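Each of the next two complexes has chain A plus one more chain, namely chain B in the first and chain C in the second.
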Partner chain A sequence: MSDFYLIYKNMTRKPLRLFLTCFAIFIAFLIFGAVTSLKSALNSSVELSADNRLVVFNRINFTQTLPIAYVQKVAAVDGVKNVTHLNWFGGYYQEPSRQVVSMAVDPESYLKVYEEIVVPEDQKQAWFNNRQGALVGEKLAEIYAWKIGDRIPLSSNIFTHNDGGYTWELVVSGIFKGDTEQYDTRQLLLHYKYFMETQTFGNDWIGWMALTTDDPAINETVAKTIDDNFANSQSETDTSTEKAFNKAFIEQIGNIGLIIFSVVFTAFFTILVVVGNTMALTIRERTGEIAVLKTLGFSSTRIFRMVLSESLLIAFVGGLSGLAAAWLLVEGVKTFLARFLPNLILGGDIALQAILFMLLLGLITGLMPAFQALRLNIVTAFNRQQ
Partner chain B sequence: MSEEVLFQLKGVSKNFVKGKETISIFESLNMEIDCGDFVAIMGPSGSGKTTLLNMLGGVDQPSGGEVWFDSERIDSLSEGALTQWRARNIGFIFQFYNLMPMLNAQRNVELPLLLTNLSKSQRRHNVETALALVGLSDRAKHMPSEMSGGQQQRVAIARAIVSDPKLILCDEPTGDLDRATADEILEMLQLLNRDHGKTIVMVTHDPAAAKYANRTLHLDKGQFVQREIVA
Partner chain C sequence: MGSLIAQVVSVTLMNLGSLRRRLWMSLAMVFASAVVVAILLAFLAMAKGFEATMSGAGSSQIAILMREGSSTELNSVILQDQVNLIAESAGVTRDANGPLVSPELYVIVDGIKKSTGTEANIPLRGLNKIGMAMRSNMHLVEGRMFTPGTNEMIVGEGVLREFDGFDIGKEVRFGKNLWTVVGAFSTGGNIFESELWADVKIIQSHYNRGSSYQSIRLQLENNGDLKPIEETVQREPRLNLEVQTEQEYFASQGKQLQYIATFGWIISAVMALGALAGALNTMYTSVADRAREIATLRALGFSNFSAFCGTIIEAMVLAATGGLLGSLAAYLFFDGLNTSTLGGSFTQVVFSFEMSPDLFVQGAVLALVIGFISGFFPAWRAARMPVVVAFRHAT
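== the complex of A and B ==
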């Protein structure tokens, strides 16, 4: 027999109470794990945005176009390192339900601005040299089992091909990865020139621009200069950092941070009160037994440790099972939500955060009863018992 | 009976503060307990019997005077040191047994040995010996709830002797038992005193229980009013 055995026997002496307490904690960490993963997935585009990357949209809104001539003018602005342009293609593969995030870009400048894209050199060159070539993200290639050299028909739900159809024939020239695990590789890039030549919507227009600055510190100045340059023109611009743009885009569906904070805080506070009350009650019920242990010669600090360990153990049993359930839930739904939330994962940082919360929960709920046990006077306890 | 003094109380006083009032339990109490003695302490309710027992066991401190145990002054020890002293020297037997309800008899008896450096096998050996001594070897795996009051008290006795303490303190050890079972328990205490040389101090209300002791001290209003040698 050891102290751990005593802690275990104390913990399990009322199985129903233990189950209910652990279940309450389980629910709290299930909510925490699932909701924090959701928040993280929503914010991943913000977090992964480069600090020195700006985006330039039409001032009216981001669906309006800009003239391609703007690209050269932006490139000439002081502090601009590289600039590229993008057109939303609105692609799908075979069925309209099989959406493909696809953009028509200028290959060379695009890879300079989006340095996080990793492509083998031979594949990169193959893409540059083939106007019908497409650079496909690793995850997207996996989903449709595309290989280099495959000819793929990609349809658009926005544009019409000059042959009267809606489908462009592309060749997979390369498959790219991201420089981090979180980088979304469920996308396809095609040549801007090929797109312009074959669509019927007019020429020399672009969707938006992306650029990098020499230093994040000059972002604001560069943005202001660009917007000032195009002020009072036919297409005024709105320049912001990519981070700010993505954040604003996400916040269109509500203040996720506030929702998550409110849900998690409410759940945690409720659990804290419930578990704290249960622990206090448990220790109060055991006053006589603690007095006996002290009488037998168990030191106050040893009993303090035992009570606190019991509370921590309950927090970790309930918390880790809740976190495991959250992980299973996230893994279960991430395939279905892949199109909307490609980065939905319960990562190590969330797990670590949850473990810290478990520690905190165990300490907060255990400290008061442990102090009660520490300060318990044997004589008073026996008198109360009689 | 050995002449060596195990316990000595010199001018011990004990006061409680209740609101603005100070209540005196003892004033200048003197007492000696020899090694191998079996002392019964009797007295009416509120006479201070349990308080005296608590002071002998180091769970309560006197307000004044000195308490000596085996040539060591214990009333000035810190709480931590007193806890260690209790674990080394004292075995406790309570009126309501006070066994841990979630542990079986064997584990209950093993509890005081967790405070020693004995190995697992040594602990098991000591527990088996103690349970055999109280005649409960066959009940080692039983939970307290599966045992009668007499059996539970015997487990408590085994727990009190398992670490071989010098002194066993009993607070109304038969107060919750019927006459026949009480006699069995008292005979067991007598056996521990007579055959194993254990020094025993027992607080009791029951004159029949006191007869098993070597001598009885009567406590009333914080003073020993009469000293009677029984055996």
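== the complex of A and C ==
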């Protein structure tokens, strides 16, 4: 009779209890997996930003504009490798609720600053040469089934076309991919010049600038030089790394996120405590049997091992199935939530964290009873039974 | 009948009296129920607070007009001649000074959040006297009104609470322009308190807006009656505007945090399942421990029903205690907790968690349901087990 058979028999002697215990652990890890994935998806834009990319906004706020003349001045600053400018278009396709992340950009410099964008050479040239052309991200094109050469009407919820409407006619010149899986390609780029000439909001202003520096080490000096350049001018600037900007933007969602996550994690640990309590008690109930095993000649270490393996096994059966369910859930809602949370993945680091918690759960609930079993004096144990 | 009740009472008392012997088991049960209730209440209180802030702002007496398709004030653009056309429309209330129409600007500026020390978006609203009068619940709590034509502004109480540097008398710099805070206002806790207010003409000139605006608010002649305004908009091709009551507008803006309430319900429901499994386990174990006692009672002539009731009441008392503790914890930690988040217009909405009595009721119901279910099955088993079997197995 192998030890494993004994462990198995011990575990399944009360199937209902085993099921309930595993189920509670299952739920705890399901929630852990799902919520942690959500949290890391919220933070992912911070991790994906390039180290040497800076963004320059109007000091008042990022929704205020800058004069286009600033681009040349920034390009002249020492340490600036490439600089480009962007205008938020506020696009939507057919219905105001079907929003399209869209920006009016200067095509050539844009692709130099955003090197993550991968687009075939011929499509790139086609986009450069067609003023009505738009470069569309792969996932966005998938959503609306756009193909190269399609004419698409893109409306703006901010700007008015000089023909009186809100809709711009664009041609899909190219479809781009990201150099990594995580790069969010749910966006559309159109020509700045075409946009400027056809909108009615005045001329020659830009939303913000993005630039790359020669070396991440000089980021701070470059940022300071730029801001000093424009100090006391009509539009003062605020330059920061893209990373810092994204982080600040996420922080605007505020401590709400923090509150939610801390509430959920408290709950996770509480379930573990409740379950752990039952698991530990289950083993303590069997003091008498352990005494019998010892009398039969089972060594103390062998019993120690058996008790510990049992609680570890329960923790992992419940935990791993919960984690698997969380993975299925995340994969299932991924496409559905893709618009809001493009990077929703249950990654290896989250799984590792969860496995660590399972290990802890099994060890903590198993160690105490296992030690008691290890040190159990047969005579006292039998006496206690009466 | 009387003896049955007496039996139930004595079994229940016996069970409750012996709880201390099963201390850890009982505590686990209380704990499980407390956590589920606390989580549910935390989420609901957050959703409730946000909703109160949004919906409190909207009046059905006031219509708000924006460029069609723009969906928020921030995106919309409205020109002076459009304002003039609307002012002449039927359905607008007029007093001695003319129609009650308020063209407004909505600009975003940066403020430093007290909680994190980082920059966050605050709306700076430009409006005139008529617009001010239209917010009937607005009153100054400190200082004075801004003087039109100067760089003076008044700040909402929410901004004062959550952001640094807007105290009365302070000078605030947005880009090149220096503003002076001259007063603080309250609008009864709604979203307008998350804003800064200044003279609309000054903002037009400081932010190069020419004579354009972003939204028009107007007092309706008949409460909620948008018809005459809509007709004007349809007749006049220059008016590419969307008309809705302010109430509708804020209700739709408030929807986006609705997902927090939904998320909260889903998480609490799933958690409740987990906790329920834990609680059931506890009760099964606790009843199994006492199989011999219960069998003894029945052998002495106590009915199955009283054994059943005793167990189920025990479980419900434990769960209710947990629910009470959970509600209390949620109340202490979350009620009135001030926070702010990114709202529909890309700006900070300041609001407080609100723990209203109906939330406590929901929490109590949840606790009792947990108690009932986790008590029912073990109690059923205990009451049904033949006495002889119970004695044989209890060793």
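The working rule: the second predicted complex is superposed on the first by the 365 of 386 C-alpha atoms of A that agree within 3 Å, B and C clash if a C-alpha of one lies under 4 Å from a C-alpha of the other, contacts with A are read in each partner's own complex, and residues count from 1 in each chain.
To be clear about the criterion, contacts are C-beta pairs under 8 Å (C-beta built on N, C-alpha and C of every residue); 3 or more make two chains touch, one makes a residue touch a chain.
Computed from a prediction, not measured in an experiment: that's the story for all the values here.
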item: Touched partner set for A:T63, first chain B, second chain C, both or neither; value: second
item: Touched partner set for A:V379, first chain B, second chain C, both or neither; value: first
item: Which superposed partner A:W208 touches (first chain B, second chain C, both, neither); value: neither
item: Partner chain in contact with A:S299 - chain B first, chain C second, else both or neither; value: first
item: Chain A residues touched by each partner, larger count belonging to chain B or chain C; value: C
item: Partner chain in contact with A:A267 - chain B first, chain C second, else both or neither; value: second
item: Partner chain(s) touched by A:R13 [first = chain B, second = chain C, both, neither]; value: first
item: Overlap of the chain B and chain C footprints on chain A, listed as residue numbers; value: none
item: Residue numbers on chain B that touch chain A, as the complex places them; value: 54, 57, 59-60, 79-80, 83-84, 86-88, 92, 94, 96, 98, 100-103, 107, 110-112, 114-115, 123, 159
item: Complex contacts: residues of chain A adjacent to chain B; value: 1-3, 5-6, 9-10, 12-13, 288-289, 292-300, 378-379, 385
item: Of all residues in chain C, those that touch chain A in their complex; value: 24-25, 27-28, 31-32, 35-36, 38-39, 42-43, 46, 67-71, 74-75, 77, 107-110, 113, 115-116, 118-121, 174-176, 207-208, 260, 263, 267, 270-271, 273-275, 277-282, 284-285, 337, 339-342, 346, 348
item: Touch list for chain A against partner chain C, complex; value: 16-17, 20-21, 23-24, 26-28, 30-31, 35, 58-61, 63-64, 90, 92, 96, 155, 157-158, 160, 166, 201-202, 232-236, 248, 251-256, 259-260, 263-264, 266-267, 270-271, 273-275, 277-278, 281-282
